[in-house]
Every structure is written in C-alpha cells, then in structure tokens.
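Every chain is named by a letter (A, B and C) in the order it is written, and numbering of its residues begins at 1.
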Amino acid sequence: MSVAPRTPPAKRDWSWRSQAFRGLLYQIIAVVIIGGVAWWLATNTAENMRVRGIKSGFDFLTQPAGFDIGESLSKFDSNDPYWKAFLIGVSNTLRVAILGIILTTILGTLIGVGRFSRNGLVRGLCQAYVELFRNVPVLLQLLMWYLLFTEFLPDVTEAKRIGDIYLSKGGITFPKPIWETGHLFGVAGLLAGCVVAWFYRRWARSKFEATGQVRSMFWVPVAIVFALGVLGWLVGGAPSQFAVPAKGEFAVEGGGALTPEFMAVLLGLTLYTAAFVAEVVRSGISSVARGQSEAAQALGLSKGQEMQQVLLPQALRVIIPPMTNQFLNLTKNSSLAVAIGYPDVVSISNTALNQTGRAVECIALIMLVYLTTSLLTSFFMNWYNAKSAIKER
Amino acid sequence: MNEATDNIIVFDKVNKWYGNNFHVLRDINLNVRRGERIVVCGPSGSGKSTLIRCINRLEEHQEGHLIVDGTELTDDVKAIDKIRKEVGMVFQQFNLFPHLTVLENLTLSPMYVGKMPKKEAEEKAMTQLKRVRIAEQAGKYPLQLSGGQQQRVAIARALCLTPKIMLFDEPTSALDPEMIKEVLDVMVEMANQGITMICVTHEMGFAKAVADRVIFMDQGQIVEQNTPHEFFNNPQTDRSKDFLSKILGH
Amino acid sequence: MAETIIFQSLPARPAPVNTEGLVPWVKNNLFANWQSTLTTLIVGGLLLFYIPQFINWAVLTATTVPNADACRAEGVGACWGVITEKYRLIIFGRYPFEEQWRPLVATILMVALLVMSCTRMFWKKWLVAVWIVVLAAFFILMYGGMFGLTEVQTDRWGGLPLTIMLATLSIVLCFPIAICVALGRRSNLPAIRTFCTIYVELIRGVPLISVLFMASFMFPLFMPAGVTIDVLIRVLVGVTLFAAAYMAEVIRGGLQAMPKGQAEAAASLGLSYWQTQFKIILPQALAMVVPGIMNNFIGLFKDTSLVYIVSLYELTGSLGLALNSDADWRPYKLEGYLFIVAIYFAFCFAMSRYSLWIEKQVNKSKLR
C-alpha cells in the first residue's frame, strides 16, 4: 500500500492562537513602537529647531567655510566651500588610517610572532609591550605623544638636525624627491616588475608541479620588482633631485614635512592597535592544533614548508576576521584626532557644527563616512569567511 | 655483522626523560628486522607512544643509541630529514590537514619532500586511496568523512612517500567498532605486503593475525617480547599475565 | 608450563643532563644558538642602557616636594611634586574640596561592589540587593541634599569617581538591552531581526565619539520643548546604547555556541520561548561568555576617557583642569599623565588578569 506524494496544504492557520498570527502580531507591535518613537523624536526635533530658529538642510555645504585647515593633500583656503573641507577631512582620516593599518600590521605581527621566540628576553619584552599598551586608553596615549612632540622637542628656530632631517616642535622635516618625468619610468618599471613577477610565479608553480623543483616564490619576485623599478628609474635618466629642507630665519623651509599632530595620531594609533594585533596573531598561531605540526614533521616537511603549507593557512583563517576588526577599530579611533587638533573628518565636522549650528547634518556626515567604511569591510569579510571556511559536514 | 644490516631499527640502551625526574624510557634494547611486524602493548602511560615517537624523532632520547635504517638519530638535521622520509606514521587522532582536500593531503609530502611532479604525485595518491578503498572521496575535505574513512586517508597519506617503516599509534582507539574493522582490514593487507610495521594497539585479534612479535611494556621498560602465540597462551611474567587477564577478561 | 618470572622494575633515575632549574633555562632561552645569543646581547644591552636612565629619572633624581621651584632646579629628574600638589584635583575633579571624602567613600564602595561581583562566593540572589543599596548610597553620597549632606550638582562631579561610575552604570544598564537585542537577532520574526541587526551594525559602524556628540548636541533637540536633561545622564545614555551593541554581539556568540539540543529538550518539556531562553539557554550562554563580557568592560572603562571631549571632567579631563591654567605646574604635565596612566593601567591590568583566570575556569567546566 503506498501513499501518493502530495504538496502540503497551502493555507496557513491564522487563528488567534496560531504561531503565525502571534509572530505577525509581535512584529506589528515592534514596528509601531519603534516607528512611534522615531516619529516623536522627529517632531520634537522639528519643533525645537523651529523655536530656536535653526535652519536645516545640507545647503550650507556650498557656502565658504571661513576657516583654514592646518594640513591637507590639496590646497585649501578659507573661501573654499564646506564640502571641500569635508573631503579634505575624509582624506586626512583615510591617510592616517591606511598608514596606521600598514604599520600596525607589521609591528603587531612581529610582536605576536615574537611571543613564540626561542629567546626568553624577546618573549618577555613582547608580552610586556602588549600588556602596557593595551591597558592604557588610546586617547591618553595620543595626548602623551602630542605632549612629547610639542613640549619636549626644541623650538622651530633651534630645530634638531640629523643629517638632512630636522626635528622640532613644528614637526619633522625631511628631504623629498622632486617629481620629474623621469620618475614615471621608475613607476612603469615597478608596474612591469609586478607583471613579470606574477608570470614568474605562475611559471615557477607549473614547473614545480611538473618536475617537483622548488623555486623561491617570494624572494625572486621581490627581486624582480625591485630590479625592474631601478632599471626604469635609470632609463628615465636617474632623476635624483631632492628638495632638501634648510633652516630659515623662523622656520625650516622646503622638503617634505609631517606635523606633530599627524605624527602623534599615527604613532598613538599604531602602537595601541599593534598590541591587539599581536594578541590576534598569537592566538591564531596557537589555535592550530599541536597534532598538525607533528603530522607535518612526520611527513618530513621542513620547518619552512610546515609553516607555509600547514600552519599559516589554518592560522590565517582564525587571524583575519579579528584582524579586520582591529583595522576598523583603528579607523574609528582615528576620530580621537579631534582631541589634539589633527584635521580629520570629525574635527572638521565639529568645527563646521560650531560655526553653522547644523548639528544633525554634521553628525550625520561623520556617521555616514564611518558607516560606509565599516559596512564595506564587513561585506568583504562575510564574503571572505564564506569562501575560506573549512568544510565540515 | 650480517645481523646488523638486517636490523632496520636498533635501540641500544635507550633512555628518555621528560623534564629532570620523569624517566619514561628505561634501558630500551630492541632490534627490529626488515619486514618484521611488531605489536606493542601495555598499560596506559607505560611509554608506548613515546617509544615509537622516538623512531621518527618526534621525541628525542637522552641516552643510548637509536639507529634507524643505518642512520643514527642525533640532533643532525640531515639525518632527521632522511629518517622522516623513510618512516610513515599514523596517529590516534588522524591529524589530517583540515584545510586541504583528501587528495591534497596525500600529495603534499610527495611534492614538497619527494620533489615529485604533481601529476605523478596525484596518480600515486589515487593508487594509495584505491588501496585503502576510498578513491571516490578524493575531492572531499577531511572533516566531511567518517572517522574510519579519515583514518584510512591518514594511512594512505603515510604510504605516499613509500616508507620503509610504518608506525601506528593506536590507530583504531578513536573509532567505533564497525570502523575499527575497516581500518584493521587495510592494515592486515599492508602487513601481508611485507612492509616493516610497528603498531601500538590493544586489538589482540590483529596481533594474533599478523604480528611476528608482541612487545609488552610497563613503566618505561620492555617487560616481555615473544611470538603472539607464546605471549597470549603462555605469558612469562606476572605483569603480562595480569595485563592479559584484564584485557581478555571480558 | 614454565615458571612465571616476577617482573622487577628498574628504578627510575634522574636525567643525566640537568634540564630544569635556572642554568638550563638560561642556556635554552638566552644562549641556545648563536642567533639567540646575539639577540640576547643586543636586546639585553639596550635594556641595560635605558632602564637605569629611566630609574634615574623616575626615582633617583626625582623630587616629590610640592614646590615648582624645587622641580626647576638643576639636575632634578621627574617632578612628582605636581602629583603631591594636585592629586586631589586630579582624582576628584571640581568636586568641592571639603566634601571630597564623599566621592572617596562612594568610590571605595563601588570598587568593593565590583570586586564582590567578581567573586564566585558572592554569586547569590542577594547580590542584586547589594547592588541596589550600593548604587543608591553612591548617588546619595555624590549628590547629597539628604541626611545633612550639601547638594553637589553633577557638573562638579569628576575624576576617578566619574570614570568608575560611567563604566559600571553603563555596563549594568546595557545588559537588559543587549540580551533583548541578542535574542532579537536570532529571532525568526523578520521585522524584529532586521531592527536588531540594523541597531547593532549601525552602532558598531560608528566611533563612540560620534555617539557622544549626538548625546551632547542632538539629544537636547530630541526632547519636547521645556524638558532639559542633565549632560551626565545624556552621556550615560549614549555610552549605554553604544556598549549595548557590542555586548549584544558577545551574548549572541554565546547563544550561537549553545547546542541546538538544549532548546529542543526544553521545548519537548513544554517550556515556552521565554522560559526556554531565561531558564535554560541564557544561564549557560552567559556563563560561557563571561570573559568576553569582562573584555567589553575593560574596553568601556578605557573608553570613558572620551567623555573628556564633550567636556566632562573624568580623569583625563580633570588633569587638564588641574594643570592647563597653572603656569607653574604646566611644564610637568608628563608626570601628571604618567600618574593617570598608572591608575588606568592598575585597573585594566587587574581586570584583564581576572578575565584570563575566569576564562580558564570556563574552559575547565567545558571539559567536564
């Protein structure tokens, strides 16, 4: 006796006590409450702004800002509009965040790996670093670096000179290559080096798979990129003009310069976040089970192969998500720049807020910038995690 | 002299300590002939794992001489590399690499250690997988397999370097009875093909069927060694009698 | 049958080469090979060079006399006099000088409460009552206006009491919100799940400072005309909402780690959704994430330093208050910073050790 297959009954039970009905009811209640609160806040705000005569809208963005910005990648003066000031703020935030991320990754990884050093002194120092830097608020660290740079360095007129580098309360000034068309060849050489290196790696890989001969997959490509870069630079006529700073009457002039604000923010964020990155790296490496290392050894893999083929791929999976989190934290913490006057997006918005009184708009702009960064990153992370998850049943 | 070349593994008064005061291996003397199949048994903590892990130098000994296939194991990195190519090992917890597919697990060592072209390594891997009867799982990841299948992959992986010696550390004790059989079947088959085998196990059926010699350890010493028949029917020492009565008692 | 041989065990003897104790440790960890030896020499040399200099500055040539002239003298290192002179201003901010015993007692009570809450012995029902009593006592002491204590407005609160209060209150207040949001994110009702997800992602996507700006600039606009809310409360609300999003994620992690069988077993016993969550799931999930909660608390404790940017005088702010307007002492701000660094470090380090310890406990109970 067999029962013919059939589709389930289409109609749901919508009675008063059904789960479906209850679920819908709860959701409606939630929407009503949240919508109600939002509406109440919005009407209050509108009323308050009307009473206090606060205008609203983003029209102020096209008006002249009326303030100067201490440092920016492009020229800015007080007649330029607010929107341009915002963009400069965003670029300053990104500048410090990207540089900070690069430096913190290098430092944090070194310290994290250092905790597995065979040398007891190195292990101890790395641990001391982590404990010290992560247990003190980052704001305090920024303020301290800023204090050091602005109080304990000599005045600009007596700038300390190390070679062609000048250190003073005004920041650090250093020789900077003067851009010439010849440099273009160097850049082209670097790009060509990357392409060649990529082909080399492909070739080395297929050679390895075909014959089992191992070739360096790291140092040779690095050498190729470097060599072609130098070659391009030579072909371009080896331009080696530097703008060398010189001590003037009141200031050090010429060359490239970093302000003390920028250095304090960069150093503070990097040192603080590196402590967390080091912990991430350490726990990532120690999360790979002991047996994995033993099995690799029993198969006769060398220390390097064991690291590269077995330990790192597994550790990276554990490391990358919290690492991204730390990068986001660093980016968000760069907002503390406002405390020492580095013109990032928060401090420019803050100035704009105080001048125009458009609190809602300015704060919304700040949030928008950070939200975009965070959401983009977490979309990327989700994609990466889904892609690299270890397959279990 | 002839005898010396015939012994693929020679333990000569080997002593090992964990820390200063924990004496795990005490005066171990043991010669293993080429092609011999040895089962090691003994109570928990008696040093069986330590003994076989010394053979591919996952553990180092502090006193005495240990010679594997004519090479003495010292701190010499070259010697260790050579030995590890010749000795395959199967762990209790499988220790497969979860981020690589079954096939990649198998080809890793032939390609990187054996410098074998990928194609050849893959062919060899497939042969070994067929031998352990799971060729159809080659593309899967280890954690998608059952315990018994994982252990058979681990055996195949160890076989891929064509080792002269195979070490097994309780290969079946993390498995269900049904899976134990499928793993033991593979091991019996291997044993019949003449590879030197040292196996820590409490599977007495396996010992009776394939072992040339049973070694009984206690407190870091070899208490008794004998043919399986003799050992099971006529144990010589009080310790082995006691042990046998416990594991065969029910 | 042959006679049974009695097995005679060889006596254990100590290893021929010593592997324990100081000398082998030094050999293995400092001079194992030439690379290690070189590292030891370089790193050790640098340490030997700088540490004495630091000690010289911080201790040997330092002065603790609360006199700026003594600090300016030739050859004087650290000027701890700035601390002896200003420590009450730094620790208690602008709280009226004669009444500063009140924040002192209040803070001691609060810290004692926190230590108690971290001790398993006291994890009983009556701890909740103790919390209520202590919090009430804290506010009565701080605000006054009762029992013959003079009233002290919140704008004069500052320093360490403010730091501890902000961190403690917001972590306690954020708990109920966080639990609801965490449950909401796992709910199978799409509208509720969406709201909770948006809330968490929104808050975690923006820096705390923007939330604080909101609390201090926008919050007044949100309220009906005529209603003003104290800035301290506004900031507290902001910090709480901020902390709740992070806490919700920690709790959700615990919920996710719970095996499905627990909820199924509870359902099969006829428990309702809320009974299942509160009696079965949450107790286990929360116990699992205590280390995560603890780490959140440490983060929050450090983050309270940000309220200085919206003009509340917690430790960092009160240091500025104490020194910025005093030309005599201003040059010794570094010493002042080091003082509050030490305070923060002491608290955070103690808490992180506790967190490590509790993590071990949790892992132990998992093994069982």
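Keep in mind that, in the parts below, a residue touches a chain if its C-beta (ideal position, glycine included) is under 8 Å from a C-beta of that chain, and two chains touch if they have at least 3 such contacts.
What you see is a predicted model; the values in this text were computed from it and never measured.
Asker: Mapping chain-to-chain touches, which pattern fits: line, ring, star, complete or other?
Answerer: Per interface graph, the chains form a complete graph.
Asker: Does B-C or A-B have more contacting C-beta pairs?
Answerer: By number of C-beta pairs in contact, A-B is the larger.
Asker: Rounded to a whole Å, what is the gap between the Cα centroids of chain A and chain C?
Answerer: That gives a centre separation of 25 Å.
Asker: Taking each chain's centre as the mean of its CA atoms, how far is chain B from chain C in angstrom?
Answerer: From the centre of chain B to the centre of chain C is 51 Å.
Asker: Take the average of all CA coordinates in chain A, do the same for chain B, and state the distance between these two points in whole angstrom.
Answerer: 49
Asker: Can you name the residues of chain B that touch chain C in the complex?
Answerer: It comes out as residues 15, 17, 19-23, 26-27, 62-63, 218-221, 223, 234-241.
Asker: Which stretch or stretches of chain B touch chain A in the complex?
Answerer: Those in contact with chain A are residues 56, 58, 81, 84-85, 87-89, 91, 93, 95-99, 108-109, 111-119, 121, 140-141, 143-144, 157-158, 161.
Asker: Considering the complex alone, what residue numbers of chain A touch chain C?
Answerer: Interface residues on chain A, with respect to chain C: 23, 26-27, 30-31, 34, 41, 44-45, 47-49, 51, 117-123, 125, 131-132, 134-140, 143-144, 147-148, 151-152, 332-333, 335-336, 338-339, 346, 350, 353, 359-360, 363, 366-367, 370-371, 373-375, 378.
Asker: Contact residues on chain A for chain B in the complex?
Answerer: Where chain A meets chain B, its residues are 208-214, 289, 291-292, 294-302, 305, 309-310, 313-314, 317, 390-393.
Asker: Can you name the residues of chain C that touch chain A in the complex?
Answerer: Within the complex, chain C touches chain A at residues 25, 28-30, 32, 36, 39-40, 43-44, 47, 188-192, 195, 201-202, 204-210, 213-214, 217-218, 220-225, 298, 302-303, 305-306, 308-309, 316, 331, 333-334, 337, 340-341, 344-345, 348-349, 352.
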